[in-house]
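Listed below are the structures to be examined.
The same chain A turns up in both complexes below, where it pairs with chain B and then with chain C.
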Partner chain A sequence: MSTVEQASADRGNDKRPWRWHILVFLTPALLVYTAVMILPLIETLRLSLFNVKDGQSVFVGFDNFAVLFGDPRWAASFWNALKNNFIFFIIHMVVQNPIGVALAALLSVPKLRFGAFYRTALFLPTLLSFVIVGFIWKLILSPIWGVSPFLLDLVGLKSLFSPWLGKPGSALIAVSLISVWQYVGIPMMLIYAAMLNIPDEVLEAAECDGVTGWSQFWKIKLPLILPSIGIISILTFVGNFNAFDLVYTVQGALAGPDGATDILGTLLYRTFFGFQLQIGDKSMGATIATVMFLIILSGVCLYLFAIQRRMRRYQF
Partner chain B sequence: MGSKALKSLLMATSILATAGFAHAADTEITIESWRTDDLAIWQEKLIPAFEAKNPGIKVKFAPTPPTEYDAALGARFDAGSAGDIITCRPFDKSLEQFKRGNLASLNDLAGMKNFSDVAKAAWTTDDGKDAFCVPMASVIHGFIYNKDAFDKLGIAVPATEAEFFAALDKIKADGTYIPMAMGTKDLWEAATMGYQNIGPTYWKGEEGRAKLIKGEEKLTDAPWVEPYKVLLKWKDYLGDGFEAQTYPDSQNLFTLGRAAIYPAGSWEIGLFNTQAQFKMGAFPPPVKNAGDACYISDHNDIGAGLNAKSKHPEESKKFLDWVASPEFADIYANALPGFFSLNSTPVKMQDPLAQEFVSWREKCKPTIRSTYQILSRGTPNLENETWVESANVINGTDTPEAAAKKLQDGLDSWYKPAK
Partner chain C sequence: MAKTTASPVRTGLVHLALISYTLIALFPVFLTVINSFKDRSSIFRDPLGLPTPSVFSLVGYETVLKQGDFTLYFQNSFIVTAVSIFFVLLFGAMAAFALSEYRFRGNTLMGLYLALGIMIPIRLGTVAILQGMVAAGLVNTLTALILVYTAQGLPLAVFILTEFMQTVSDDLKNAGRIDGLSEYSIFFRLVLPLIRPAMATVAVFTMIPIWNDLWFPLILAPSDGTKTITLGSQVFIGQFVTNWNAVLAALTLAIVPVLVLYLIFSRQLIRGITAGAVK
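Coming up: the complex of A and B.
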């Protein structure tokens, strides 16, 4: 055994052996990833520079982008979708992630009973199909058969109920909160895992120094889970700017009322595939997809270069 | 649904598999369709009736699920494996196939004389020269009402706009029933069951529609804004939380007997007959003043065309001639109450509700939905915008005038009427 290693090490000094196994192990994944991710991405980027004229696909440079940002109608729908998407993202950041952290903090309290049950119950919606989530919430919030007007009535607050999903002012918030309800399990689990990784010695040392309860959370635990919160933020960002499914199931492809819940995903869907009498426009669809790609890319780059590098990590 | 889809899939594959073999004795023609629900009607009623009269021709009905039909048919045209008879979607989708040379012109088909120009409009080129599909069925808009509720409250069937709103007031004052079952959540209910239902009365059906296409009238003109003003008045008679009421909610509210009037399309008849436990009646969109001419939306929905590359054009034409015959119309319309034959020879309907709907054709002038022909070719799409704006008007997001202006501006941005 040792002689073989010795021999290969000797040979490595003058000429490294061709480590073909790396290639063998990488190739299948690389092929699959190229076929299902990289090629479609390149094709999308290419398609955004082409348009159909007189039945022929011709290179038009950045004309499609000029239309998307220059034509008042296209620009209005695009900015509306982008604005809604930002609101969608901000609601997730402000509601979903703090709740996820709080739940994780509660779950990691050592004296908690039925912890496994809560953990499972809170994570369960994440495992449900968005079709089911959309359907149940439409029913819960339905002014006709819904359980929410009934429950509000029981406590005498029926006047607070309104058909939230149908009003332009509240529809986006309602849909965002449904999405928060569904996905709150993901930050919870990630933070929970990060909290379990904090060594007991650190916490015991903190207790010896008199740092307990809330101040222990703020001064010891939170700094230690910050990298996880960073990861969650970026996952939320990517997930939200790619979101489509829940809005489509709850509000339909036109993302009504009056485009109030239209986000980039639904705009892309309508443009690319068409809807009802509208025939799909592959070039403009690809243009929107490219802009979405650039938005997400710049968001992720900003995080990687501006935030993650400055983050302090603690080694135990 | 699952087993039906599977069945149709198996059917489709078996046809593809057998397509290569020539049947020495019989010629087999194949029908492409998205109406998987109609498989039984074709196999048990329509095809036997045709084959009995035309020995030597075998017909195979090979449907594809509706959501896949357009794409699958396009692929089969490209591959040259499409069936002989093509079931036609109305307007632009079929027109495109005709322009590509996939559908044959049917100008010389004898049976085409059985149809009026309005009936053929959905499958005719813009200049009106070529017709390429035999109209099979249309759907009619109107209002279905709960007869028991009307009898109990002593309401007569309204004929004018004033009577219509008086009836709604009476139902609302009584409080037992929600006056009208319609929601704006799904958007299209407001546009299709609302705007396109009552609209023809104000823009005078085909006359106004033609003017709109020619550019002589605009959506901001009184005849096109007035239906929105009337829709706005509907708001007070819709159920609590109509903003979040979906299409199935509206159907259920009505069939459970909780609502008195349902702005309807005739395709509901089949479902309502099986679900509602009370007597139902129907009335056409009320006219403005007693004695005015009435207009109904009689919207072409299904047609049948000939694959231009069919290997059996003669047999297929024979079949299309039969589809154009009163006999076909009779079997088809009665098997599917609510999908009315477009044949000029009136069909005797057995279902009373369907009978009521189709009887309006004799006293009212039919038209098709204003947004479907030509006007929905560009971006923004007029039909889709009409969905959004109709819901906006009822929700109070936009005034009727503002909604009309938005629609016209959108149309102006790409549509230049031929001068």
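Coming up: the complex of A and C.
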């Protein structure tokens, strides 16, 4: 590696005044990325500080945020969406990650037959679009079709069935679990990779010391895959606070019943784009997007500065 | 190897657990596909039954092909995905080459700047993106989608490809320089062919979110002529929500291409995920 660095450093030190090719290589990517991603992001943050008064765009400072957090017309739906989004995230963390870890542990059993088949099959839902997944589950959970009551009947639990997606109390949980069903493949794969990466010597040493089976999983493997669980958590966090498609497909833009499944993504869509009688509001849309940005940014920073640094200790 | 030999009971339990979850993962897809080939009454009478000749029916597919413009939606999705992947790979590889090959002022900063987009979703800029697309007259064009998806795919592509470029032998490139190749020929003729496996991985990673995206087609290109398959099936199913045959057929049509591509690329994809996580 040192020779590579030396070689490139040598090239950097030569006295050619301007190396055009570097610019040529970098420009297309920088141009598209900056123009379509970074500038709009900055412009959105800027727009959140402006509002339209008498047809004129004027600077209003943090008034939009004050309206969003405190004004009776906005605050209720905003706090509701934020709360639902946190529940959405927590359900993912407590259901998706343990299932993912369990499946990865099963897949990494030594000399497992049909391993490739299981991996391929278990990862399939992750590739389907939210539209497909949302509608399939909408049909399956629909009381009209009767597939779910029939299946529950097979295990003697028919009395438990109710139209979960239509009830305010259970709709959010049902939607979250559909999302978990779809995305469990990602933690499974990442943790499976981390488990494959544990050196055989470590496991053999553990076995020599009599640490096998369950205690081996808890005492040896789990600490070693913690960094991967950290990565999965932050990916889930970003994905969940940016989610929209599944709720939109299953419950529509109003995120019914009665806003029970409304999350920040659907709120942003309705606010910015308008829905039915509500007219789209650019400034408030930008304000909600800014709040989402700040939530995601703080999550990412927390991960980078606190969690990842602490986890380094476990790495080799 | 002093491995404890797994007892047959334990192996059996492992397989039992994996098979049960495989059933959970595949059952909804299976259910949709089999029911799309049945007539209406048997969809409701016997949802779990296979489409035997007596209940076989293609009425759902007929409705879909008559009412929906699915060929056009497929075409749109295909164009958007293919062109975006092309630009992501080309621009991404060029930027990754510049970042990994040359030492220049601001190199690290540039890498961090490009990596920003891995974690911050492009959706958050939607308000201003729509504004910009309106100003540029690109609303309801596939170009708008291609631009957005190229920007969305670049950060991860640059990140992955930079790692791979660093493994390309320096001697090879220097030999090329001695032979009088320009920096451009070194990139296009020596380096690009060597990082082809990494490019395939990036292509698969880039493709899935683009093909499945609903948000940007809904906001930037919702017109009839520019609907992608994801948006097209969303709208179609919304309209035909009581026509179960049509809904199931549309869902099956949307699943099949993903399924075929997945069966072709699954090895590549899974290897890509597992290799990427190792770093």
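We adopt the following convention: the second predicted complex is superposed on the first by the 280 of 316 C-alpha atoms of A that agree within 3 Å, B and C clash if a C-alpha of one lies under 4 Å from a C-alpha of the other, contacts with A are read in each partner's own complex, and residues count from 1 in each chain.
The working rule: a contact is a pair of C-beta atoms (placed from the backbone, for glycine too) under 8 Å apart; a residue touches a chain by one contact, two chains touch by 3 or more.
Being a predicted model, the structure only gives us computed values, none of them experimental.
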item: First, second, both or neither for A:Trp79, with chain B first and chain C second; value: neither
item: Chain B versus chain C as contact partner of A:Gln278, first or second or both or neither; value: first
item: Which superposed partner A:Leu196 touches (first chain B, second chain C, both, neither); value: second
item: Partner with the higher number of touched chain A residues, chain C or chain B; value: C
item: Which of chain B and chain C A:Trp145 touches, first, second, both or neither; value: both
item: Partner chain(s) touched by A:Pro168 [first = chain B, second = chain C, both, neither]; value: first
item: Touching partner for A:Leu254 - first (chain B), second (chain C), both, neither; value: first
item: First (chain B), second (chain C), both or neither touched by A:Phe62; value: neither
item: First (chain B), second (chain C), both or neither touched by A:Phe135; value: second
item: Overlap of the chain B and chain C footprints on chain A, listed as residue numbers; value: 144-145
item: Contact footprint of chain A on chain C as seen in their complex; value: 1-4, 6, 11, 14-15, 17-18, 21-22, 24-26, 28-29, 31-32, 43-44, 47-48, 87, 90-92, 94-95, 97-99, 101-104, 110, 114, 116-117, 119-129, 131-132, 147-148, 150-152, 154-155, 158, 166, 170, 174, 182-184, 187, 208, 211-215, 219, 230, 233-234, 237, 244, 247-248, 251, 254-255, 258-259, 262-263, 266, 269-270, 273-278
item: Chain A residues touching chain C - in the complex, by the definition given at the top; value: 3-4, 7-9, 11-12, 19, 21-22, 24-26, 28-30, 32-33, 35-44, 47, 99, 102-103, 106-107, 109-114, 118-125, 127-133, 135-137, 139-140, 144-147, 150, 181, 189-190, 192-194, 196-197, 204, 207-208, 212, 228, 231, 234, 238, 242, 244-245, 248-249, 265, 268-269, 272-273, 282, 285-286, 289-290, 292-293, 296-297, 300
item: Residues on chain B engaged by chain A in the complex (per definition of touch); value: 91-92, 183-188, 239-246, 249, 253, 371-372, 376-377, 379-381, 383-384, 387-388, 391-392, 395, 397-398, 410, 413
item: Interfacial residue positions of chain A with respect to chain B in the complex; value: 73, 138, 141-145, 149, 161-168, 252, 254, 256-259, 275-279, 281
